[in-house]
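Note that subunit A is present in both complexes that follow, paired respectively with subunit B and with subunit C.
Moving on, here comes the complex of A and B:
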């Protein structure tokens, strides 16, 4: 691999340091392996009102040919959002983050926006079925999990 | 070519596949016959006579598979007047159901092309281009003179990115037939010619290999031969819904015999679902059953440890010369006339058990009875093979000493083959028997089982004789006769079990349809 990553990530960083869509803020991007961003749901969805959530992006050497690994991270004032496709350990079941649904023209910003809108549209105050078991048993990296994307409308 | 019906029946969903009612294994000529290069398939060559345990099948080499794909592409691009790459994409999209493709295409050509990822089709050949002022959306490179590529959808990326994207898809994800344009939401599928332009010859080769595989994997009447390093595929028309009626054993040109239904090695007479349940049970119960299949036992008379080093069940204690049966530990002298005591488990004693504990011990004993015999044949087949390899070496020496030709000692090879095949069958008769509910037919089955068992043990014993004895022409004739007899007994057993299975006359304690226990 000649490493598309550095140049591409550099450009992405310059862009998001200048401007990001409302509700999305850059927290840190100290290197080209791991970035943190905060997202908020801007409409009046009672499930997420007044809350801020933290996303962690991990980039492999093959980014953007391979998707980044994106998870929610829990801190003192950053909970894991309730959602039927978000496990309580922060792992997100979203087809565009798997190799099947990923396109290399997607980027950090577009991923944040997809996740933001995934929260905006949700009305169910629940975890995915089997959350407890999954969180207890899972030792796989998120992108190696064979999610069954049964319902992309949620 | 009367392939259309068969192809239509193999289209798409499993439901259609399962519901299909045309189930005559005879008339499957999905591909043009080419009898010249047909491999020798043993029993298949005999004049057409319907045998219940045999299914029709055909072996295809990698070349055959390639040719079939090209023939279909040619047909489609002749009728629909499109490029071969596009015809290939369409055929793969329709899982090689040419009829459905034609029909759908005639009805709604634009929609079909779009669905298959071929929208905006034009006859322009793919080529690399330098586009002034271009910036690649993947790597953000905008250098002057950057080589770029776009398929007919117009989504343009630099050659480096395209190449890495394709490499990732082919190498890491094993994809071929459905690699889409890298652009988000574009369903345009990469065609072979564009791919060749972008990647190394080596990756191109891998891509074609994978494409070739999807052809076989897309068609329910084709399966890869599971033998390691074998690249053939076998065609068989037996449908999944029929697997409770037939055990479709096929023999690849490489010599490997396997079940077309479940891809395990030949398990006649036991139906696929029964085999699945049995193997699961054996895996679950392996702890308890382990000691049974151990290689050593104690002599029932003097207690000295005896190791089984040949396939035969007739054991003679080195120390006290006591002769006994390895399987039941009973006196061997009783086996000549009363073999029955050994291969049949006394069903009556099973009903004696009163309380639950005794019942469960009884059911474990019952299982172990059958498992013991099952495992014994598996082990004996291995030992018989070892003996053959050793004997073969000695026979080479014997040839030079006795002047027998290589052809003249081939009877040992035939005997070894017969032992392997018969033990394979016998092994599965015990799993079969374990699940079989008693009725007026089970006695015939048990008799057939015992006859075969007896014949096999006889042959195995002859086979173990020292090499010097084997040179005796009298023993040679005996071995040849016994070999033929074993093969005959095996076919009689298979014929009986297969006929009754086809007619639904067996009752099993396991559901052959749904996959669960009754």
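Moving on, here comes the complex of A and C:
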């Protein structure tokens, strides 16, 4: 793993500082462990129109071999988006972010775009089944949760 | 499932030529891993991690590993035509046994092979900065050569401290200065540090390292004061016509103006010409000396180089450039160089043969001295042996005579002894004649 992660993250950072796809903005990347990005859904999906959501990326030492930990964080004007795969504590159920679905060729930008498109395609204004219970009981880190990807159409 | 901007790889190498299969798989693992060190053990194996190098120019996107996002190191290509660093693929594969790009199931051994040579050559030719960049080596070199540079030549490589009981490392340049791992105090910030780190500290880290020049008020690094003094516009310098007699001192920026109206400027051009002529003269003298030498050589040997042949023959020998730089300087042509080389060789051979003769002479003298002594002793021993033999023979004769006279009464001298033997050896006396010496050694 020797020092591979920081080098690659540094490269990614310089790249996204220069240019990012529309609807994605870098908020802060003070170190190579935790970054914040804002995303917006650009089409007129009534669920998300006009809203901005904040994503938190946490990188382990073995990034990019292992996936980063990506969650939504809630602040005053940054809610958690409604989505059948997003728990109300910000944890995202996306196979891309699990050990199985992750691929080291992914990067911060591509993950953001995946989440963006996941929101864009959604029409259901609901939380995942068992959300309350999960939010109350979960002490695991997102990548250790064994999600059941029940609905690949969303 | 892959998101829209998943990097599209595998454009590089779609040609699955069979020649490439001849390369043992993983032979290029990490390039810097097994290469140049030549079995120097694990320490030299990690001398240069090619993945951490800085590239001088932007690297073609097609040569970048989609996993680590730097130029490929030890590239391998999968059967689905995606190229990765060998180590990246191994790491990614350990977590998830699929191709990282298209997520098709992938067997590491049977479905990957080293990338085509042309890709590896392209990677080898990329210019990288020396990894000792931070310590001041500004070399830019092809990636395939960087390991060699770092392990053998780079002055800024960290090597073990020359002091036997010191476990620190030191830049190669400072090896000759002995152990630098003792505490010193930085004279600018009064911090304590190892002597070995002092220079870098004063150049780059010390909070008080900068100083305003008292004369020109430009800021400079204290440690580089001398360098600044050489270019500071306010420093007092002497007029450029000083060698011709101008004694005026003025600041550097004024010197230019002064030069134009210096009283000695008339002399200047003449002086320059003089210096030029002088240097020409020395060059000519040198040339003359060479010619003399050559003439002498040719006269002595009565040997003439057939000019045309010689130059032709020699012209296709390329001179060893680097080693001859110093020696080459005085020589005008290759012929001369070879001639002088020949002369020195000859004198060397002469010296050697005379030394050899001397050694030979000394050797034989020594041998003679030794052998003479041995010869003397040998003759001495021989004579003693003869005397002993005589004694023995006399005694034997004596004994035989005595036995011959058995019964005729015991002789006077070995009385009791002869009497004892008489009884035991009497019956088989006649056939024991020759054995008597062994069985009954004569007691003298």
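General remarks:
Quick note on the criterion: the second predicted complex is superposed on the first by the 153 of 154 C-alpha atoms of A that agree within 3 Å, B and C clash if a C-alpha of one lies under 4 Å from a C-alpha of the other, contacts with A are read in each partner's own complex, and residues count from 1 in each chain.
By definition in this document, a residue touches a chain if its C-beta (ideal position, glycine included) is under 8 Å from a C-beta of that chain, and two chains touch if they have at least 3 such contacts.
Just so it is clear, the structure is predicted and the values come from calculations on it, not from any experiment.
In the three-chain model built by superposing on subunit A, subunit B clashes with subunit C.
When the two structures are aligned on the shared chain, A:75 is found in touch with neither subunit B nor subunit C. Of the two partner chains, both subunit B and subunit C are touched by A:11. Of the two partner chains placed by superposition, only subunit C is touched by A:114; subunit B is not. Counting the residues of subunit A that each partner touches, subunit B and subunit C differ, and the larger count belongs to C. Applying the stated contact rule after C-alpha superposition, one finds that A:95 touches subunit C and leaves subunit B untouched. Only one of the stretches 27-35, 135-143 or 495-503 belonging to subunit B overlaps subunit C in the superposed arrangement, and that stretch is 135-143. Shared interface residues of subunit A (contacting subunit B in one complex, subunit C in the other): 1-2, 4, 7-8, 11-12, 62, 64-66, 99, 103-106, 110. Per the touch definition, subunit A reaches subunit B in the complex via residues 1-2, 4, 7-8, 10-12, 62, 64-66, 99, 103-106, 110. Listing the residues of subunit C that touch subunit A in their complex gives 1-7, 9, 49, 51-52, 66-70, 88, 91-92, 95-96, 98, 100-101, 103.
Interface residues of subunit B, counted against subunit A in their complex, comprise 137-141, 160-161, 164-165, 168, 172-173, 182-186. The touching residues of subunit A, when paired with subunit C in their complex, are 1-4, 7-8, 11-12, 21, 62, 64-66, 95-96, 99-107, 109-111, 113-114, 117.
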